[in-house]
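Please read through the structure below; I'll follow up with questions.
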Amino acid sequence: MKKLLGFILTIGLGLLIIFALEGNALFDDFGYANLDDRVSSHYITKGSDVDIIFGETVDPESGPANIVTSIVVDYRSFDTLGEVTVLFISALGVSLLLGSAVTQKRLSLDFKPNFMLRVASRALFGIIIMTGVYVTLHGHLTPGGGFPGGTMIASAMLLLYLADDQFRAKIKGFKILEGVAGSLYVVIGLLGLVVGTYFLQNFLPNGTVGDLLSSGIIPIIYILIGLKVGSEISGVIDNFLTEEEKQ
Amino acid sequence: MTTIDYIMIVLSALLLVIAFLAVSEKKLIKSVIFLSAVSMLSVVAFVVMKAPDVALTEAVIGSGLVTALFVFTLLSIKKEEAK
Amino acid sequence: MMSAILLIAIPLLAAFLSILSKKVAPVLLLLVGAANIVLLMFIPSEIINIGGFALPFGINLFLDSYARIALYLVNGLFFIVTLLNVAEYKKLSSILLVALAALNGLLLTGDLFNLFVFLEIAGIAAYLITSTNRKPLSTFNYLVIGTVGSSLYLFGLMILYGMFGTLNLMDMIHEIQTAGVAYGALILPFFLMFIGLGIEAKLLPFNAWVKGILKHSNTLSGPMIASVYAAAISLMFGRLISNLFQFEGKLLTVVVVLLIAGVILGEAMAFASKKGREILLFSSISQACITVLLFVNGIIIWAVYLVIANALSKLVLYLVVNKAAKDLGSDDVDDLQGLFAKNILVGIAFTVAALSVLGLPLFVGFVVKLNYLTQLAVASQFVVIGLILVASIVEGIYFVKLLVKLWYPSEKTINVKFNLPYKAVFAVVTLLIVLFGTYSDPLDSLDNGIDTIQDQIGVIYNG
Amino acid sequence: MIQYAAILLMMIGLYGLLTNRNVIKIIVSLNILEIGLNIFIISIGFVYDGIAPILTSTNNSSALIFVDPLPQALVLTAIVIGVGTTALGLAFVKNIYSKYNTLEIDEVEEV
């Protein structure tokens, strides 16, 4: 009874919001977003009056052929620094909450990993790592980037965890990688302040739109993010797959 | 109505039904699997709405990693329960 | 080179470096905390574009006198709280560094989505700081409610984006002013954002989280959440209320009624409580509601002073009660009886802070209260004035009751040792409260003009 | 169409938060709320004839009609933040279980 009341209440609230949006003349209808009224039109044309052509335009305001990447790591790079910080602090928090016990051991799995699983997971490990690296490196050209790329690298580690119930990644190295990659992101930002005038300014040449070696600092930042995310999420997985050793 | 509209209607219906199942299911592991299904369907929605970047990220992070973390939590709780 | 971005970038850099060495981390925390206060004196007031993109396209930071006052307050209090606790909570050094960066970001950012990101970072840091209470369920509740709050804020913000096509605060205000939009269309997004931020600013009835958190707080989490976080979030909230949100007609009535109910309920619950930390907690809820009420009525400068006065008082009150609760294992008022018999200096500091919250003459709280009540009278909000006065009487009764209890010697001997750093902090804060309470000229010299967003919009769009 | 479904999805998440008393189910509901919000944000930027906002050798000019790229960038951020809070929430769940031996809020007495 209580549940039914809650259901009717929340769905009613939803319908109310829907009607409010429907009656809102300024709110663009679904499928008919007017980009000319939005700041996005600037991101698509990269602030230039001439059309940007893939493989031809040299040194536009922002380099990546993937417009979403040019927003994420160039126009709104500060948000991404915050995003990296969120992941950093929650990984830190997870290790604080779960990893505080002095002696820790691997959580044993209910099944014994058999020969096939072991071999197959080794083979897959390389393929997943390669995909992760590819996605990270091509973040400014194709969909993807440091966040999914880094998570793919971490999921390759996850595969090793599942295939071998004694396996534990060496946390020390990950910690250093995490700290150094994060610091380098901020240092690159401060370098922009020193070399140019602005924090996180893209101080390297943008190159030709669509080239692998283009868009200045963006691929570098995405590689740092990939390394950082990969090591952080591996750390989180390790924390979730260990338990306090009980005598 | 174009094809894309029909796809969206089916998708919306599926999303709502499975989401409701996820929040009202009593068994925890089933609830988590339904959540994973909702996440996978949202990936389809992102692809339909021409957002490949988001779809890739949601597939890897939202659907893959989050489900794994949920399952690990349930696994370790089950272990402790057995003790 | 001297740019406000350093206030965010340096703590972040230090946080990333601090995980490399456990020994250096606490030192870094104190160094950065002190460096931020010093830096603040040399940073010019200006708009800072990040990445070199002009205003609506990139993210910008905005430093004016309003933000400067807020930053001095937050950084100063943060430094004091960490200084007192760093030895005990070394493990949290990296998290505290991130929290500092996020709070500075909240106060500086001029972009509404960036604000959401900083809100989440500050939130996650707060969950981890309160996890030192060792009450995982109340922290879990805090996490869930905080996430719902920021989701609601983001929902409202995205509706605004769908309407006006921008995320920048100044650009958004300009668009709303020039688009000639019917007010009805703005109610939904404003209300969603208001509720979302109201949860973070612990307004009733969205504040279920504070109860579990502050009731079990310790010398780090208590002052950090009740004083530092509360000040930062109220000041950020105030800026949005006085510039972005426009409350008119029915929405104004709903918001004012909600806030007044918050004030009354908070005082009533404090009156009914017998636990030291609970009394302080409910009293701070009702003070938060009064602050927002002042911002809604456009009394910016006195709302800012109220936040400052409250943050100073709450710092002392929570430090005393939490230290006592830690040493005694209980914060029941009866157990605390006679606490000040041996700690006279601490007793004086506590009394001054409590009486200042109450708004008695000689203390800064009085100057603030007198002025905002006058301003409310000018705006002919007589119902609000009446209810605030009633709430003050209730507040007076329970605070005086509490003070009498704590001063009155008991048969049991109570052993709570306050060491020198604590006493120094108490002395300084007490002096500040009395100083501004008796010599109020510097307070009167500033006016509502400290918030210069509207002027900046005029400069940017009209030349 | 899918925009309305997204709002209703958020409301289902809210309903789950209000009615469930199990900590795992609460995090599941929170995730559903976030997924609904993400779909809503993407739907704000959808254009019927638009193409995905990536320049390639076939769609090679910025003069073409694209869908709005900004909401997509925001959702990327929102997804990662969501994972951060979920991981932290699950860590708290493990702490709650090892301290109280239950996942039901009503069985925990922390007041």
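Read from first to last, the chains carry the letters A, B, C and D; within each, the first residue is number 1.
Basically, a residue touches a chain if its C-beta (ideal position, glycine included) is under 8 Å from a C-beta of that chain, and two chains touch if they have at least 3 such contacts.
Keep in mind that what you see is a predicted model, and the values were worked out from it rather than measured.
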item: C-D or B-D - the one linked by more C-beta pairs in contact; value: B-D
item: Cα-centroid distance, chain B relative to chain D, in whole angstrom; value: 10
item: Centroid distance [mean C-alpha coordinates] between chain D and chain C, Å; value: 28
item: Distance from chain B to chain A - Cα centre to Cα centre, in angstrom; value: 19
item: Distance from the mean Cα position of chain C to that of chain B, given in whole angstrom; value: 37
item: Residues of chain C engaged with two or more neighbouring chains; value: 113, 117, 120, 124, 127-128, 131, 161-162, 167
item: Residues of chain D whose C-beta touches two or more other chains; value: 1-2, 4, 8, 10, 12, 14-15, 19, 27, 43-46, 48, 52-54, 67, 70, 72, 76-77, 80-81, 83-85, 87-88, 90, 92-95, 98
item: Where chain B touches two or more other chains, by residue; value: 24, 52-53, 57, 61, 65, 69, 73, 76, 80
item: Touching pairs - complete list by chain label; value: A-B, A-C, A-D, B-D, C-D
item: Complex interface listing, chain D residues touching chain B; value: 1-2, 4-5, 8-9, 12-13, 15-16, 19-20, 22, 24-25, 27-29, 31-32, 35-36, 38-39, 42-43, 45-46, 48, 50-54, 67, 72, 75-76, 79-80, 82-83, 86-87, 90, 93-94, 97-98, 103
item: Touch list for chain A against partner chain B, complex; value: 3, 66, 68-69, 107-109, 135, 143-145, 147-148, 151-152, 154-155, 158, 233, 236-237, 240-241, 243
item: Contact footprint of chain D on chain B as seen in their complex; value: 2, 4-5, 8-9, 11-13, 15-16, 19-20, 22-24, 28, 31-32, 35, 38-39, 42, 45-46, 48-54, 57-58, 61-62, 65-66, 69-70, 73-74, 76-77, 80
item: Complex contacts: residues of chain C adjacent to chain A; value: 1, 3, 5, 9, 12-13, 15-20, 48-53, 56-59, 91-92, 94-95, 98, 101-102, 105, 113-114, 117-118, 120-121, 124-125, 127-128, 131, 159, 161-168, 171, 179, 181-182, 185, 187-188
item: Residues of chain A touching chain C in the complex; value: 17, 20-21, 23-28, 33-34, 37-40, 42-43, 47, 74-79, 81-83, 85-86, 88-90, 92-93, 96-97, 175-176, 178-180, 182-183, 185-187, 189-190, 192-194, 196-202
